[in-house]
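In structure tokens below, several structures.
Shared between the two complexes below is chain A, which pairs with chain B and chain C, respectively.
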Partner chain A sequence: MEANASARLKRRVATVAHRVGLFLAMLFICLPGIWIVLSSLRPTVEILAKPPVWIPQQVSLDAYVAMFSGVGKGGIPVVDYFRNSLIISVTSTVIAIAIGMAGGYAFARYRFRGKSAMFLGLMLTRTVPGIALSLPLFFVYARLDIIDTHFGLILAYVALNVPFTIWLIDGFFRQVPKDLAEAAQIDGCTRWQAFWQVEFPLAGPGIASAGIFAFLTSWNEFALASQLTRSINSKTLPVGLLDYTAEFTIDWRGMCALAVVMIIPALILTFIVQKHLVGGLTSGAVKG
Partner chain B sequence: MTAKRLSAPTLLLLPAVLVLAAVVVVPLCLSFYSSFTPFRLTRPETFFTFIGLRNYRNILSDANFWWAFGRTVLLLTIALNLEMLLGLGLALLVEKASRGQRVLRTIMMFPMMFSPILVGFQFKFMFNDNIGLVNNALQSLGLTQEAIPWLIEGHLAFIAISIAEIWSSTSIFAILILAGLLAMPKEPVEAARVDGCTPWQTFRYVTWPFIMPFAYIAMTIRSLDVARAYDIVKIMTDGGPAGRTELLWTLVARTAYSDARMGVANAMAYFSILLSIVFTVYFFRKLAAARTQIGAEW
Partner chain C sequence: MAIVSLKKLTKRYGNMEIVHGIDLDVSDREFIALVGPSGCGKSTTLRMIAGLEDISGGTIEIGDRIVNDLPPRSRNISMVFQSYALYPHMTVRENLGFSLKIAGAPKEEMDRRVAEASAILGLDALLERRPSQLSGGQRQRVAMGRAIVRDPDVFLFDEPLSNLDAKLRTQMRTEIKKLHAKVKSTVIYVTHDQIEAMTLADRIVIMRDGYIEQVGTPDEVFQRPATRFVAGFIGSPPMNLHEATVADGNVVFAGGQSLPLPGRFKANVSAGDKVVFGLRPDDLYPVGHGLHSGDAADVHEIELPVTVTEPLGNETLVFAEFDRRDWVSRMLNPKPLKAGDRVAMHFDLSRAHLFSAETGKSLRV
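Now for the complex of A and B:
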């Protein structure tokens, strides 16, 4: 009896500790974001107030109105930046996923000479820091006259995303048992059909998550974009954020508002694709 | 060789190889060559002057360069280790949660949606000595009276940058380790429990070996992307105060675009590339080892 009671107590303490730990972790993760949203809705006076005003006294959408009201009226060409970001990120993600699926499948399903070396070689191209890559790209793009174009950035981002897209997709195909596709082929599928009917649906969640990674990388990239873009022709949101910093002053509220605009699409997208990430990627196939 | 003779894997890998060759390999060859010239953007003709190893000799004898290099390695070591530990902890916490897993997972991915530049800006805002959330909170709680100069004092700035870096990247570890935990078959854990293992033993000898490849995948993805710290530092301190938070990457950018000394910058850039390669190869080998350990086919 005594042992029972103490075990029960122990379990309860563990549950509470788990909840508290979880809460604190989530708080730490969310706080910066919440603070940004809050600051974007407050008048600048309140942000700069001393002593700090913790509870917003006035809430308004002025910062957003100012931002969208166009150049010259305290706004920046945020619609153009947004469109550029969207076009560049979506296009480069789609292309990178297509290339990555082919490559990942090759690594997961075929044996060939120099496989490890090939894989490592692909990864090494990704290790090149954006700023280091921007030096020669800047030079080459200037020669080809594709600086400040969508095409230039899309090309760069596809190259940026392909290596780890291959990496992730390879990993997820690897977890789909080979036997399944073989069984399908014995049942009369071609390899192509076996891929689309059996392996692709099972690896789907993995491919979706690779897509999220690729999209977010393009959406958020700064080091290359800051050198390869010049004007509203191709400037993306991360570069546009710098429009709010002057030499010595920063428009905190405006920046916060733009930050919110940048995060919302990423948030929506992640939330949509998230349900494909639901776990036990292959457990059904292995157990069942 | 005709198209028919190309084997399937070659054909499948061809697009990837072509894109990477065009955008990465060829430009890098160009920059490698230019690291042996006194190339300046403002004087294109210098591109064809060959000066051998002079650029490399200059930067190797430059104390600022070595400080930046050392600082970069220190930042990476601290950040990667803490991110790994915190990510593992977070993944275990979320996996144990019985309700609201979907919401928790979304929140967990939250920092990943933030562009590094945004992370930099947001922590610059929060660590602002005058109006920042951190100082405001400390003062309101009565923990300190004066404003702590987070981004103005060298060491504090380094800490603030590390915190920003860790905040932004822990979730990559968490999400991949969580994916591993969820993909893990339940029988071994159940068997270990039946056989009388303590929770720690179960974790150490059953769960950990299984999720290790996932942890290393996360590590490698991170080490592929270590240079994203550039964006954070660029906006938080831009290498300041007085170069006390100058990293290799900010130094490269400053040399190349502010001073227009492309040749020297390219030589420095090769050190940063080398650094990334060392990190990646290290984790890649760990990953391969971990995969063989759980008997996956390589």
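Now for the complex of A and C:
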């Protein structure tokens, strides 16, 4: 009895210790995020204070109010930026996923000449840092007169995302047994129907995660966007952060507030899609 | 009515020919088994019939139509895969009804046919489950149900039982046989398991390296194997096959020992011919423990040392050394034997087989 009781106690203590440890680790990981939220709520003096002030003394939503109160009253055209970001990110993600699905499926299912070379080539494009391309891209875009347009940025982001989505989606289609598509064809499907009825739903979680990655890449991208955009026609939220820098001052609070505005949609999207990310759907398809 | 007819059916991958122009006629409602070791082309042949592989030459007829270039969905076949290939994102009911849904069948008909198939296979309690919640045997049953619902001209089975454990396999074998009696469709069944082929099929097609070695009823392929390969492949434990040379009325083995040449082969061989001598374990037995009475004229008695025994309960497999090789014999009503014992063995030469060492063909007259 004694041994059982002490074992039970030990287990409880271990559980509590485990949770406390996890909490501390999460706190550490989330610290930058928390700092941004906190900083968006307090005056610059407090932000820059040394040693740092952990507990905000004066909390206010002034930065948010100012942000939305229009140009000239300390605000920035945040609605325009938000709209640009949304249009550019969503469109480029949809296109990248469409191409990624077609490409990933082809790589997963078909044999063709130069397949591995092509695959390697796609991967190699990822090794080139985007910033290194920004100057040549700027020249080309200037010639084509597509600087400061949605189209220009969408094109750049599609190119940025396609190799990665192809690679990711290829992996997910590989996990869907070939037998299933064949069984569907025998059950009366065309190749096309077999894809949409059977293979697509099973690769769905993978495609969704590729979508999130593509979306977040476009949503957060700064280096290219800062070169290829000029005005409220196409400036995205990350570029909009620069509006808070003036010649001699930086409005840290405003910047943090905009950063929070940027983070929120990304968080919401991730939460929505996350339940689709749960794998294991394919288990039970084959074998006993 | 569904006759399946293969004419000069060929499959090539690049320069590699996998199936070498085989001919086969399957009659309506016949249960035919394609059997052979892995890589013999049996699965490829089945997949060509299904339309999952393009054919490189020859023709495939199902019913009275040549279906060479028709997609799988237009051939009115169904197929049970080795992996079952159940759709994991659908319930059992949806799996069963999938083909009807694709065909745009009205809901009432769909429900009726799913209910029929489910009743035949005893799936009623499982209809709302997903494949991941089923056991191997249940998945197998759903896969068969999905095939039945289509009401096809031809059922194709691709090693459907090889993922099941031994006990379940025997059970499902019986179910497949019952199913065939009920649905009365033409069945083409691929397996590497000769026992499955023997127990299920009306006729067996034994394939090897992309050729058909022999087509026949289970009895024919067992009693009168056309080639050395078939002799070794069909039957468990396999036939004793040993190379020998013909010399004045005897077959002389490599080690110098000999047996009398059975009379019915005499016309087909002459002295000096290289042959392969075959004798089933059933036709070699300790005296008094055989399947046959042993009083035939061609029974030959030799005393041999026992090397290994494998007791199976109702019988014991006795490995005895003759001509410095192990020969398997089947001892019925087994008596205790141990390695090293000497035991008098009957060689029932009236049932022996002789194959040409060169071509592998049977030398039966």
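Throughout what follows, the second predicted complex is superposed on the first by the 248 of 288 C-alpha atoms of A that agree within 3 Å, B and C clash if a C-alpha of one lies under 4 Å from a C-alpha of the other, contacts with A are read in each partner's own complex, and residues count from 1 in each chain.
Assume contacts are C-beta pairs under 8 Å (C-beta built on N, C-alpha and C of every residue); 3 or more make two chains touch, one makes a residue touch a chain.
Everything quoted here is computed from the prediction, not taken from an experiment.
Enquirer: Kindly say whether there is room for both chain B and chain C on chain A in the superposition, answering fit or clash.
Expert: Verdict on chain A: chain B and chain C fit.
Enquirer: Applying the document's definition of touch, where does A:34 land relative to chain B and chain C: first, second, both, or neither?
Expert: neither
Enquirer: Look at A:45 in the shared chain and tell me whether it touches chain B only, chain C only, both, or neither; answer first, second, both or neither.
Expert: Touch partners of A:45: none, neither chain B nor chain C.
Enquirer: For A:123, using the defined touch cut-off, is the partner it touches chain B, chain C, both, or neither? Pick first, second, both or neither.
Expert: first
Enquirer: For A:9, is the partner it touches chain B (first), chain C (second), both, or none of the two (neither)?
Expert: neither
Enquirer: For A:177 in the superposed arrangement: first (chain B), second (chain C), both or neither?
Expert: Second partner only.
Enquirer: Once the structures are superposed on A, label A:186 by its partner contacts, choosing first (chain B), second (chain C), both or neither.
Expert: So A:186 only meets chain C here.
Enquirer: With both structures superposed on the shared chain, find the angle between the C-alpha centres of chain B and chain C as seen from the C-alpha centre of chain A, to the nearest 10 degrees.
Expert: 90
Enquirer: Decide which partner touches more residues of chain A, taking chain B and chain C as the two options.
Expert: B
Enquirer: Go through the superposed model and pick first if A:202 touches only chain B, second if only chain C, both, or neither.
Expert: second
Enquirer: Please provide the least distance in Å between a C-alpha atom of chain B and a C-alpha atom of chain C in the combined superposition.
Expert: 12
Enquirer: Which chain A residues contact chain B in one complex and chain C in the other?
Expert: 281-283, 286-287
Enquirer: Using the touch definition from the top, list the residues of chain A that touch chain B in their complex.
Expert: Touching chain B: residues 18, 21-22, 25-26, 28-33, 35-36, 39, 47-48, 50-52, 54, 98-100, 102-103, 105-107, 110, 112, 116, 118, 120, 122-133, 135-137, 139-140, 155-156, 158-159, 162-164, 166-168, 171, 174-175, 209, 216, 219-223, 227, 237-238, 241-242, 252, 255-256, 259, 262-263, 266-267, 270-271, 274-275, 277-283, 286-287 of chain A.
Enquirer: Could you list, by residue number, the parts of chain B that touch chain A in their complex?
Expert: 7-10, 12-13, 15-17, 19-20, 22-28, 30-31, 34, 89-90, 93-94, 96-97, 102, 104-118, 121-123, 125-126, 130-131, 133, 136, 139-140, 167, 171, 175, 178-179, 181-183, 185-186, 217, 220-221, 223-228, 230-231, 234-235, 249, 252-253, 256-257, 262, 265-266, 269-270, 272-273, 276-277, 279-281, 284, 288, 296-298
Enquirer: Hey, which residues of chain A end up touching chain C in the complex?
Expert: 177, 179-180, 182-191, 193, 197-198, 201-202, 281-288
Enquirer: Report the residues of chain C in contact with chain A in the complex, numbered from low to high.
Expert: Checking each residue of chain C against chain A gives 50-52, 71-73, 77-79, 81, 83-89, 98-99, 102-103, 130-137, 139-140, 146, 150, 163-164.
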